[in-house]
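Structures follow.
Look at the two complexes coming up: chain A is in both, with chain B in one and chain C in the other.
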Partner chain A sequence: MSKAALAMLDAAATNAKGRGSFERLRAPALALPGLFLALLVLISVITPLVLPDAPFQQHLSEALAGPSSAHPLGTDELGRDLLSRLILGTRISFEVGFGSTAVALAIGGLLGLWSGYSENPVGAVIMRLSDVLLAFPSILLAMLVVTVMRTDLPGVIVAVALVNIPVFVRLNRALMLSQRRLEYVEAAKALGGSTSYVILRAVLPNVLAPLAVQSALAIANAVLLEAGLSFLGLGVQPPTPSLGLELQEAAAYLRQDAWFGIFPGLLLILIVLALNKLADEGARWYGRTDLKVE
Partner chain B sequence: MWEFVGRRLLAAVPVLVGASVVLFALLYVLPGDPAAFALGDNASPAAIAAFRHQLGLDLPWYVQYFDWLGRMVTGQFGKSFFNEFPVVTLMDERLPVTLELTLGALVVGTLIGVPVGVYSGLNPSTMLGRAIDLLNAVFIAVPVFWLGILLQLGVALRLGWLPPGGYVPVGIDFGANIRSMVLPWLTLGVGTAAVLARFLQAGVRDAVTSEYVLAAEARGLTRIRIVGKHVMRNAVVPAITAFGIQVGRLIGGAVLTESVFTLPGLGTLLWTALVQRDYFVIQAVTLFAVAAFILVNLLTDIAYGVVDARIREGY
Partner chain C sequence: MMSQRSDFDSELLRIEHLTVSFATSGGRRLVAIDDIELTLSRGSILGLVGESGCGKSVTARSILQLVKPPGRIGAASRIWLDGRDLTRLSPDELRRVRGPIAGMIFQEPSTAINPMYTVGNQISETIRAHERVSGRVARTRALELMSLVRIPAPNRRYDDFPHQMSGGMRQRVMIAIAIACHPKLLIADEPTTALDVTIQAQILELLTNLRSQLGMAILIITHDLGIVAGMADRVAIMYAGRIVEQGRTEEVLQDPKHPYTQGLLKSVPVLGMDRGARLPSIPGTVPNLIDLPPGCRFAPRCASAFEKCRIEEPRLIQLSDRGAACWLCELPTRPGTAVLG
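For the complex of A and B:
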């Protein structure tokens, strides 16, 4: 990532104005993508519990059949119901998206806030290390890490988290630098607050808005990365469905069944669009419109 | 100016060295003995030990690292475990494909992104301006490989206008080469166009409402002159940033695009090497990609400094 891009990330943090005012929050603009995502999460969590076998039952005689009343989105090359596979695939996307972002937020967030607050030289080392990780194109780093870790769900989550950690480190350090000279932080220190108190109880609640925005972007990014890894065969392994893996399989059968290649991608882009919209609206809420830095 | 360039150049060296350490460390802990992979399941332990010794894999890690770094700097990338070809030869064969893909995508992205961004920045509330906003959001979110699949589906299989995949070298048939690259260029370039347009649009919108543009209008300057000289000069600064960010996306996207269109580029080389645990190939291709990424970011920063004197002096 270029110095200029990093400077933008830092500037986004510096300009963050705490919690912002609710009047500027455009409720419908947030509600629509929010509801859509909530619904998807609900469906993708509940359906596999109710119909655990549906994504795996093969009916070879019905392979690559387009949409029908029995299979609303058609079937894959082994005659498995595409709708139920996509629902389970969506769950994998969310598991990677939320899981990796939670890990990146926790590790990157704490390291960033701490290195912005303490004068410890270890903080500088952490920053240089983040710069090094940011020098890798993200899918390349994820491909390497997932190969090292093993290509399965936990491996993918770690790999994707590692891509997002340096972004959170930088953002959080910049957020801390923008806050540390403010009176409430000085007051917390003067009252004898320990480092962890100042970081977690005083500063953290005041920087939640920019963190939420960056998290939405990180989840979107993670969903795309997981799909990319799975498309390359380096993500979750068959027979577990993933939106990327479905597309990889579909790519071989485009002549026979075009729908197979269309539905998984449609779902993927809707998820990413909704997350990006949430981030955009959230950023507008607290007065930033250009936080988008990958 | 030169001092600024020198400072940025110096700052890139530790990042590159750091990246080499990370890369080496990752491969050092890579599960699966590369020797066992290379020799197959039936290799005797003695043969594996001999192979490891021959490659220096039995030496302490720090000796291996400095050995490796020395070889990378002097361009000795070793041989592929699988086909015994020197890694340099493999990369040499595939580099032109990836370069043609990424540079072409960059051109496509610029040709579409610049006019679209400027237009929608100047006319934000027209129908077309709003449509562009929507399309931008879609093309920023679209996964590269899905776009590739859709183009294959529509343009290649349904309409039959272009081949759905494969690569024809320029030297063999120029026309066929271009035909085989149009869909990959579009696939990789459209996302770049969307991001570029978005940054330009924001820059133009900021600039047209600024006081210096008002002043230029008051002085009676023509619209073309105002946009060409006053607006663009300021709007282009954030767009350069977008450009730098895009290069990382292009390098990553190239891996996926090459996979969709079965192009024999560096991306597919790296992918095969990862699946086969082909050590030296992974090391060389990744380090090359990281070095290229750092270099382009360096050029972006310098371009940034050239356009905006405040940045040059501020660092």
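For the complex of A and C:
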């Protein structure tokens, strides 16, 4: 990141001093991984639009070439440009990461909040079901779902979402239990708020911070899981690139062309690290301010 | 139970045989409210007074069926509000009572208002939860309500968040939210306990004014006899889950029949009293509700207790317009004494 951007962030943090909580937020700690991820998202969305064919053009004569000016990260075993394949692969990772987390957050979140709020016995059934799902090793569960469904993008998204749903169910239930005895919830109820009103309009905005933190972790988890599935041949299918798929293809050529394996691996590490850092800093910030009312 | 009052239609709230019990971890049931009766007529103010843990807040919550588990309202309990028995309503019917028929305000305005929304939004949301009105109409009405509860410059304050307001202003917002749908009954659970004395006086004055402006009845829960003296038409004194005395405020405060009420009144500090003088207090502590003494619950702390008090529990003994649950009142002072319950 440029010095100018850092200076701007600093200025923003200084300007926001009056707002209280933001100044205590160590801006660079949160901004660095955030900017890195934002940049990756931007690149991985725009590049395939501008150069849709680049990841698929084969130049067999240049197969397994190291980094060069024509191919900054080298080429794969079919002479395809690794950089453009990794960019498209990153997009697949993000699609699975954001997509599956959105699905898990919506379904798991609603189920968890509802079962924490209502005294309905169905809530207990939901909790036991999510315990069962949690007891499954996540990669096994995802493999099972992908096998039953299809090995394409929607199938992978559903499979990965299913792994994350019970996590969100538990978290949301716990959050609701911590809120439901508070006076503002009781007041919302005392003034005629319906169940959906109390859950969605009154409580949900008050628990967004921990949900955001958990979502960042869930996305990181999903990116890894997608790479794992692709590595095992159960993710998106060739010729569509994916970080896991690239790693699996590179595994055969590690002795001849190490770069082929190093770049996708490095990228995967950086993405997951950035997401985890984002979650960590988010959690630290939340822990400090904690949305306390005076 | 018969009503001796001729103006039966003027009755807004009638609580009959209200019992609320809590399951304890030991598997026993703690009876927090034991078979109480209470009535409130339209447009009047009833003060429900008692010390901490006597069950006054639970009484307030049980009216709107807001008792939290493990608390449970007894099967024989009836809560008649505006002609309907709230204990028999479905959750959806109850939802339509909460707000338009009865509103509630809470002790701690800073926690009872949602910190994530502007105050104006919360007032208009309450209106829109019960009435099909456009956002603009709701906003106009919210602004009217804000001036009604005397929030200065409502137009500017509409978009404030609760943390930008003082405690007194927040309580005014809470009141505006509670009266947004013109309830016939306002339940105020210690509305001024969290506020300082000058603000307290303003809020109480506001409530009294709202009563006459909107014609709503107010049930005010408090431990402060001063508040009751200042605004309530009638008062009910609670002790250990029972109502021990009730009647018109002046009568009860000037001529308390129950030794507990007498003790409470004696322990109120009076301005200008001798600084060295000891403030009288009621000896002992409130009995454990799981392990109540036989006979009168107040007997162990009562200076006038006699043998009967320790054996048999007195029910509310009606003396014309007022009643006291004390065997002393049975010693006939007037011929029309009746035992109720």
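Points worth noting:
Keep this in mind: the second predicted complex is superposed on the first by the 263 of 294 C-alpha atoms of A that agree within 3 Å, B and C clash if a C-alpha of one lies under 4 Å from a C-alpha of the other, contacts with A are read in each partner's own complex, and residues count from 1 in each chain.
Here, a contact is a pair of C-beta atoms (placed from the backbone, for glycine too) under 8 Å apart; a residue touches a chain by one contact, two chains touch by 3 or more.
Every value quoted in this text rests on a predicted model; they were computed, and no experiment measured them.
The larger set of touched chain A residues comes from B, when the choice is between chain B and chain C. Legend: residue contacts after superposition of the two complexes on their common chain; A:I262 is shown touching chain B, with no touch to chain C. Contacts of A:P205 after superposition on the shared chain: chain C is touched, whereas chain B is not.
Judged by the touch definition given at the top, the superposed model places A:D152 against neither chain B nor chain C.
Of the two partner chains placed by superposition, only chain B is touched by A:I139; chain C is not.
Applying the stated contact rule after C-alpha superposition, one finds that A:L247 touches chain B and leaves chain C untouched. Of the two partner chains placed by superposition, only chain C is touched by A:S194; chain B is not. Residues 293-294 of chain A lie in contact with chain B in one complex and with chain C in the other. Chain A meets chain B in the complex at residues 1-5, 8, 128-129, 131-133, 135-140, 143-145, 147-148, 150, 220, 224, 227-228, 231-234, 244, 247, 250-251, 254-255, 258, 261-262, 264-265, 268-269, 272-273, 276-277, 289-290, 293-294. Listed in rising order, the residues of chain B touching chain A in the complex are 8, 11, 14-16, 18-19, 21-23, 26-27, 29-31, 137-138, 140-146, 149-150, 152-153, 157, 164, 199, 202, 238, 240-241, 244-245, 248-249, 251-253, 255-256, 259-260, 270-271, 274-275, 277, 282, 286, 289-290, 293-294, 297-298, 300-301, 304, 311. On the side of chain C, the complex with chain A involves touching residues 64, 66, 68-69, 95-100, 103-104, 106-108, 110-117, 125-126, 129-130, 162-163, 174, 177-178, 180-181. Note for the complex: chain A touches chain C at residues 119, 181-184, 186-194, 197, 201-202, 205-206, 291, 293-294.
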